[in-house]
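Heads up, the next two complexes both have chain A, just with different partners, chain B and then chain C.
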Partner chain A sequence: MNSFSVLLRKELRENVRNFKLYWIPIVFVIFGILEPVTNHFLPEIMKSVGNLPDGAQFNWPQFQGEDIFVSLMSQYQTIGILVIILAFMGTISSERKNGTATLLYVRPMSFGSYFLSKWIVINGIILGSVWLGFFAAWYYIQILFNPVAAGDVFAFLATYSVWIIFAVTVVLFFSAWLSTGAAAGLSIVVLLILQIIDSVIGAFWTVSPWKVSTYATMMFSSISNQSGFWMSIGVTVVLIGALMFLGINSAKRNAAKTTV
Partner chain B sequence: MTQLLQVNNLTKTYGGPSVVNSISFELEERTSTALIGPNGAGKTTTLSMLAGLVTPSNGTILFQNQPKTDIRSSIGFLPQYPKFFPWLSALEFTEMAARLSGVEARQALEDAKKTLEFVGLGDAMKKRTGTFSGGMKQRLGLAQAIVHKPGLLLLDEPVSALDPVGRRQVMNLLKELQQETTILYSTHILNDAEEMTDQLLFLRKGTLVENGSLDSIRNKYENPRILIEFETEEELVRFETVSPWMVTKVRKMATIDAVKAGVGISEVLALLHSKKFSIRKLEMQTASLEEIFMKVVMEG
Partner chain C sequence: MAELANIPWNLILPLIVLQLILMMVALIDIIRHRRTNGPFIMWIFIILLASLIGPILYFIFGRRQE
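Here is the complex of A and B:
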């Protein structure tokens, strides 16, 4: 446990000093603010800069506050996931590649502590950023749209957080297993492409990690499929555990690949 | 002297021919051993296996007479090009290194400061390592390797990358460390080994081809020759007729292989004196360290 606290402090220092602790929350919060604000002012924006002919009439959709949460989530599902991948694809692989890992690996530290310290710090940063982003959106939703029940918001955020932790674990696992480039590529396949595939042909099944975000949006209405929801959460949690286990083993096995 | 490390039949194979082929050696406590060989001889792989980075394909490691596969808690390791997290200061890094090796938090900070003073980074300990020069990095590398007072210090080419001044400084530090710890270091520069080595291990293509003290290896390979340069070629011809030893001639010079002929320089001198040869030069020649190196590690 001693090596764990030392490594945890190292990860924290790293993310403070390379500014990831600052810029990632800022990115998520900016999206969180822009989503309700642009949606609210869209008719005016279109009127002033949209070059519409005189007398053109549009029926702008009447967004509810809940819809804004959902559309912000779909922003995070693409841009947010890309931020996670790009910011953390080299967490383990680039330490190995540039040789900084060598001086850690020759010490009696456990690879469990090594992997877990990174997992906790990255999840902390990303979850904090996602929650901050939604809170910022919530603030503007209360002002510009209708109030949304706090219970729904927290149920939504809690469910969506499971998916976010899954995404972080996938990136970290690939970084432990492969080189930075391959880790980025496969993370994109697993987190973005499979997500699209699941939404296109996923009507045939109800249990999958890629459905967790869809189930999260149902927190604002009602869940049509209770058991499908809990099974998806269960499968995702089991996958997170399995990927962590495999990630720790990969990090250990790849220790010999560190640049000496 | 007590034995610290015993390596038996250590082997590393990556599919093809062995990178390290069944090498065995022992390290006594508080001695320095140089691992010598050309590039690609397997020096770094050997050190990496001892450091726990690379898993041996075969062989055993005994540390303090205990069979061990992981001796990481008892070693300090300095890679040839140590890489540091550029966003940590020298003090932060050294402290982290000490704590990861099991030193208590408060003790670690104190030890880190002392060690950095020792390696001459006292003024730079608060600076981030990203700004360090090559020489400073090498010294910081040494600091992180010794901060937890390991029983065995593994150094991969500790001075090869340094300029003459930095090299001198690091050699002096190593000589001080030699007093209290066991050192195994690799080098391809024999003059460095000459300065601080009790034992030499010569590696060639992954195989241990020679193992012994500097003196014993010298004796074996220095190949002493007695060289006589005469005033005229006639004198050389006359010498050949009276010499009881095998003589090799090159112009006005005669060379006698001292070991084969079983002769010392004084006997040659006595003969030259008694028969009144006129000579220009008489000298004993031995192979230089570079020649020994070439002989041991290059020839088959």
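Here is the complex of A and C:
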């Protein structure tokens, strides 16, 4: 337990030094503010820079506050996931490459606490950023649109957090298993491309980790599929556990590959 | 000037402040760290000129780890 808290502090200090603790929350909050503001001022922006002919009439869709949460989530599903992958693809693999790992692995530490310390710190940064981004958006939605029920927002955020933890675990697992470049490529395939495939032909099944974000958006509407929702959450949690176990094992197996 | 007064500054101001903070963080890091992929001066211009995307690009691609 003692070595675990040392590792935890080492991770935290590293993320302060490479500024990830600062820039990732700022980026998520900027996107969180941008989404309601641009959606609110869209008609005026189009009028002033859109080069519309005189007298053109458009019926802009009347967005509800809930729609803005959903459209911000789809921003996070692409840009946010990309930021997670690119910022953390080298978490374990680049430590092997640049020799930090040699300094660590000669000490008596368990790979479980090594992997877990990284998992906790990265999840803390990413979940904190995502929640801050949605809270910033919520504040603007209250001002510019209609108030949204707090219970819906927290149910939405809790469900979406499960998907975010899954995404972070996937990136960490590939980083423990493969080199940095391969980890980035496979994470993009698993988190972005499979997500597109699931949304195209996913009507045939109701249970998959890539459906968790869709279930999160259903918190705002009355449509619900309770059994599908809980099954998807269960499958995702089991997958998170399995990926963590495999990640610890491959970190141990790849310990011999460190450059000295 | 009438258009300038019509802009809802109280809504836009937090965005501008956050972008400036992000830019400052990137500039402080690049000046202290000084090791970049590609020319150092090029990254300073990218951070200063590409307002939101510049600092993100620097932190992801421009910053050489260790």
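Operating definition for what follows: the second predicted complex is superposed on the first by the 259 of 260 C-alpha atoms of A that agree within 3 Å, B and C clash if a C-alpha of one lies under 4 Å from a C-alpha of the other, contacts with A are read in each partner's own complex, and residues count from 1 in each chain.
Definition applied: contacts are C-beta pairs under 8 Å (C-beta built on N, C-alpha and C of every residue); 3 or more make two chains touch, one makes a residue touch a chain.
Bear in mind that the values here come from a model prediction, so they are computed numbers and not experimental data.
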| item | value |
| --- | --- |
| Which superposed partner A:N59 touches (first chain B, second chain C, both, neither) | neither |
| Chain B versus chain C as contact partner of A:V6, first or second or both or neither | first |
| Chain B versus chain C as contact partner of A:R107, first or second or both or neither | first |
| Contacts of A:E14 with chain B and chain C, given as first, second, both or neither | first |
| Which of chain B and chain C A:N51 touches, first, second, both or neither | neither |
| Which of chain B and chain C A:S222 touches, first, second, both or neither | neither |
| First, second, both or neither for A:V27, with chain B first and chain C second | second |
| Touching partner for A:N98 - first (chain B), second (chain C), both, neither | both |
| First (chain B), second (chain C), both or neither touched by A:A256 | first |
| Those residues of chain A which chain B touches in one complex and chain C touches in the other | 18, 98, 100 |
| Chain A residues touching chain C - in the complex, by the definition given at the top | 18-20, 22-23, 26-27, 29-30, 33-34, 37, 83, 86-87, 90, 94, 98, 100, 140, 143-144 |
| For the chain A and chain B complex, residues of the former touching the latter | 2-3, 6-7, 9-10, 13-14, 17-18, 98-100, 102-109, 255-256, 258-260 |
| Residue numbers on chain C that touch chain A, as the complex places them | 11-12, 14-15, 18-19, 21-22, 25-26, 29, 52, 55-56, 59-60, 63, 65-66 |
| Chain B residues within the chain A interface of the complex | 44, 48, 51-55, 70, 72-73, 75, 77, 79-85, 87-88, 92, 96-97, 99-102, 141, 144, 156 |
